[in-house]
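Order as written gives the chain letters A, B, C and D; numbering starts at 1 within each chain.
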Amino acid sequence: MNFASNVVGAITPLLAISSFSIPLLSLFIKNKKFYNAYALTISAIALAMSSWTFARLIEGGYKPIVYKFGGWPPPVGIVYEVDALNGLLGLYASLVMFIAFLFSTWYSKFIDDVTWYYTLLLGLETGIIGCIYTGDVFNLFVMLEVLSISAYGLAAFFTRRPTALEAAFKYAFIGALVTTLYFIATVILYSAYGTLNMADLLGKSTLASSSGFSGWLFGDVTSASLAAIAFTLWVFTFKSALFPNHFWVPDVYSAAPVPVIAAFSGAVEITGVYVVVRFMYTLFGAESVLALNGYRDSILLILLILGIASGIVGSLMMILQKNAYRLLGYSTISHIGLLYMVLSLGMSSIPSDVLKTALTALVYHIVNFGLGKVLMISSVGLVSTPTGERDLDKLSGLSRLYPIASIGITMAVFQLIGLIPFGGFYSKLLMYQAFISSGQPMLAVALIAISAISSLGYLKIFYALIFPPLLRSSVKEREGVVIPIVSALAVAVLLLGLFSPAVSKFIETVVENSLMPKGVKMYYESFIEVLRNYTGGG
Amino acid sequence: MIIELMISTLVFPGVLFISALSFFTEWYLRKGVAHMQSRMGPTYVGPIGLLQPFMDFVKLLVVKEETKQKYSLTWLAELFGVLGISAIVSSLLLLPLSPIRIAADYDFLIYIYLLGVMVPIAMVAMSLCMSNPFVSVGASRLLSIVLIVEPAFFTGMLTPILIATHISSSAPMFCEEAYCKLPLYSIFYSSITIGSAWSNPIYATALIIGLAAVVVSVQAKAMLNPFNIPEAEQELIAGIKTEFSGPLLAIFNLLHNVELSSSILFIIYVFLGGPYPFRHLSIQGVLVLMAKYIAILTLVAVVRALFGRFRVEQGVWILVKYSLIPAIAAITIVSLSNFYA
Amino acid sequence: MIDVFTFLFTICMLSIVVNLGISLYGVLYKPSLIKKIISLTIFSDSANITAIIIGYVRWRNPGEIAPPVLLNPNPTLEDIEEFAKVAVDPLPQALVLTAIVIGLAVTLFLVFLTLQIYRFYGTTDVRRIAKLKG
Amino acid sequence: MLIASDPISASILISLVMLYLTLLLYIVIRVLKPKHSESSDESREMYLGGEHPSILSKPHVLQSGLYWAIVFRDFKKAYRGLVEKMHTGRVIDWAYYMTAWLLILLLLAIIALGISALV
């Protein structure tokens, strides 16, 4: 158990140190292959560590693993607390990042300066894993900044392309504003609760009774929680690209390097969704002060409406796009909308078994959507990168040169539309179940409308890349490592569907042990246990 | 059991049955429309031309030569066509008609994804395998219709399923012994309980509205008049069928007809309770089933004969008006009445 | 009657909130990139000041506030207790330090981006930097 | 005979049936198909109502024209709003929507607090 917690604590420092040592190494070593191997090894180690952590978690009956940084006990020092949801998403995110690094070893042929690229990409992974594993609200802010700065840098990686600069500045300006707002939110939380630890906040927000207007914003638990959650939600809906805060996504996608796009849609936006789930279900659950006067319910209702709007706007805009990656950006927005639709079924009027189905659908769809998207981006990247074109019209028919890309795109389209028997269908099936059994059939109608509209957008990629005859003679680049990536992911999305009884049962256990009352209790209890060990068993 | 399943999906209610039904459907539609327009319709093969569609199919499949063009991917088009047909045939396992039945909670979603998503995608992909600008135009027209039809069809079909589930959970007297353990929200459950819902005036209103919406959307899904924009038989050059010839055309026609007849079958079971008020495997039951099938088919034929073709944007808005909005209205009535009951 | 301390504190808080609002407006609605950067620094500084003020634990009796200095080089337990009563909360200061460092990095990055954008677009007016749309 | 189970296993069963049927029918069609589909030069051209394919610059519609009818006819108004009001590419236009969402969140918080102050 102790060793397991040390592994949890070691992942982010390892990533951060190896990221920052690349500029130093670049003084001595100029060989591209070295950096490819170096970054790949580091991310493989991170993947191994996070999967080992998750295996320990299953072994220990999903009892959360707590790591104390510097040996300081929880409310005083920073802790990482990994419960079932954390552990699964950490494993998933490091898997996605590993695939991005693997793809980068092929992609690095087409970029000049590989050292800064890998520095930033490792920094991005540090931020993502840190945000997911952390058990401390302020450490979340620090990790969010690590993530964001790497993300801005990667968005502006092609500094000679005006569109990349424009996208990066739009993202970075609002991003900087948004993270500062989150800083204010943590300060407000600290002023009221006197703690920054998530488990401690969970306990205090559930126990605390409102003391009226004693401290007005500073000191009063209720008003502070309300203000803090308002800011936090705005911040993380920006990070996860929910409807009114989604504008940066297509811009960044249309100009960033291809593996970065995969990392963005597979991991960065999912991190945002994860934090919202953590705040709405663990920190400020149905019994916390946030439920005062139906505030939590009304916020969830608004998230639901925004989720529908996000799905519809994203899929409508997909139809319009000319740039392949911009189209995929809008498809991410539409899927994020679906995730928010199921995420927000935690209103007090909805029975808890429906909520369990909904949250299972959420986690399942995160995995399905992420892997399908990474598959899609790497297949399209294989076709588009050698030509340097991103315009669908100019790419037409090119995937006839690369049969593996055609297979990958086909599988990814089927996965993202949700055809039987691909994984995407089963998570949508769970969503429909949740919507219909919650007594809101109109939500199911909205879901099928979103699916119908977005299938038009996906067919556009299909139509542009696979069907038209190849007219222009074009040089074929060697596929190299992309073949194993695409084939493994294609098999994975099919297996996610064919083994969905087992997968969905497993995810249901994860949800039960993390987001449902039982899991939340476990999250709090392991915090208390660590505290007791420190104070000497009292 | 696996062998039974394999045979059943081939014979009844599998490929052979649904193909035969679809040939009959095509003959009936052609004959009916011709009758209404004072024409002859099919006459040559079989008694009153009954075997004409079948012979057309065989001729295209076996005798006619396939013309290949430089850019086409014929094998892929055939594969997509066959995939569409087998999606429809395997969805028939959800009906009470089938000797081997699959019923599960929410299985109508499987049906919707098989028929509403898989089949249009198969059709579009099939046509896009043939490179031709006119085909692409036809495909995009089909897609813009699918955009509206799919939610409308889903919403319409959801109406009886919600009603059936609500009836059984609120009034157990409808729950006959043998059926009590059956999964809710399933096509099977809806088909055995929906008959009793027609006596309730509120439910009957919702069902009628929903039925109308679904019939209109089936009309559009099957690309019959007035929604034959994507097919554009008369204009020939701007439809999705333009480049098909020989076996490929046969497969496409079969896919199209099978889709129409299986949609009608599902409508009969989900909305009208199949052989209700009689039981399956009784003579009256079979007769009632056939009568209902003919009735719905006649409705489709009448609509087809009455209207001319719409332009694309007209068609889409007509669909919104007469299919999507009524379907949503129906489902709203049901949810409201369930809420206040 | 309201005491002077609370009155001043309220004014201070209000002005910070107003400052936050104005700089938020500046970041989002001012067209010039340079002005946006300036507003952003104002915004993060206001946030930092909020954090510092939180550390002063305002609801303590104002008369007790004295410079938080430990006079005894080898403090006893009582000394530390006495110290804890008058000292400010150190945590928000640590938070602010972190935030300032991060803010520096972000501002530098934004200045670099602005310079590069000016080179390519010849303007720093965001209304004219709109190649990516639709 | 009735197989009642959860929808997930049901759909997996159905997809297996679908796979089996697809393979079977595909083989049947391949066998039934006339073998002698040797094509002449004439048949290798596209069907363009009698025109020669040389009248086309490309043998297919560009993907940007694929949904022309949807974008410029059927949902013209919706797209005009989405493109000209919302996704203009100008940060200032985005800010209206983003601040509106922030204001909604804050307003809700104030209302919730106000109710608790009154009650």
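Please note the rule applied: a contact is a pair of C-beta atoms (placed from the backbone, for glycine too) under 8 Å apart; a residue touches a chain by one contact, two chains touch by 3 or more.
Being a predicted model, the structure only gives us computed values, none of them experimental.
Q: So which chain is farthest from chain B, going by the mean of the CA atoms in each chain?
A: For chain B, the chain whose C-alpha mean is farthest off is C.
Q: Where are there more C-beta contacts: C-D or A-C?
A: A-C
Q: So the centre of each chain is just the mean of its C-alpha atoms; given that, what is the distance between chain C and chain D in Å?
A: 47
Q: In angstrom, rounded to a whole number, how far apart do the mean CA points of chain A and chain C lie?
A: 29
Q: Report the inter-chain centroid distance for chain B and chain C in whole angstrom, where each centroid is the mean of the CA atoms.
A: Their C-alpha centroids are separated by 64 Å.
Q: So how far apart, in whole Å, are chain B and chain D when each is placed at the average of its C-alpha atoms?
A: 21
Q: For chain D, give me the residues that contact two or more of the other chains.
A: 6-7, 9, 11, 14-15, 18, 58-60, 66-67, 70, 83, 87, 89, 91, 98
Q: Of all the residues in chain A, which ones touch at least 2 other chains?
A: 170, 173-174, 250-251, 317, 320, 420, 425, 429, 433, 456, 463, 467-469
Q: Please list all residues of chain C that touch 2 or more other chains.
A: Within chain C, the residues that touch at least two other chains are 24, 28, 130-132, 134.
Q: Applying that definition of touch, give me each pair of chains that meets it.
A: According to the stated criterion, the contacting chain pairs are A-B, A-C, A-D, B-D, C-D.
Q: Which stretch or stretches of chain D touch chain A in the complex?
A: For chain D paired with chain A, touching residues are 6-9, 11-12, 14-15, 18, 58-60, 62-64, 66-67, 70-71, 75, 78-79, 82-83, 86-87, 89, 91, 94, 97-98, 100-102, 104-106, 108-109, 111-113, 115-117.
Q: Where on chain A does chain D make contact in their complex?
A: Residue list for chain A touching chain D: 170, 173-174, 210, 212-213, 222-223, 226-227, 229-231, 233-234, 237-238, 244-245, 247, 250-251, 292-295, 298-299, 302, 306, 313, 316-317, 319-320, 322, 392-393, 396, 420-421, 425-426, 429, 433, 456, 460, 463-464, 467-469, 471, 497-498, 500-501, 504.
Q: Which stretch or stretches of chain B touch chain A in the complex?
A: That would be residues 70-71, 73, 105-106, 109-110, 112-114, 116-118, 121, 124-125, 128-129, 131, 136, 143-144, 146-147, 150-151, 154-155, 158, 162, 185, 328, 331-332, 334-335, 338-339 of chain B.
Q: Under the definition above, what is the set of chain C residues touching chain A in their complex?
A: 13, 20, 24, 27-28, 33, 36, 40, 43-44, 47, 50-51, 54, 58-59, 91-92, 95, 98-99, 102-103, 105-107, 109-110, 113-114, 116-117, 120-121, 129-132, 134
Q: Of all residues in chain A, which touch chain C in the complex?
A: Within the complex, chain A touches chain C at residues 138, 141-142, 145, 148-149, 152-153, 156, 159, 162-163, 165-170, 172-174, 176-177, 179-180, 183-184, 186-187, 190-191, 196, 215, 217-219, 250-251, 254-255, 317, 320-321.
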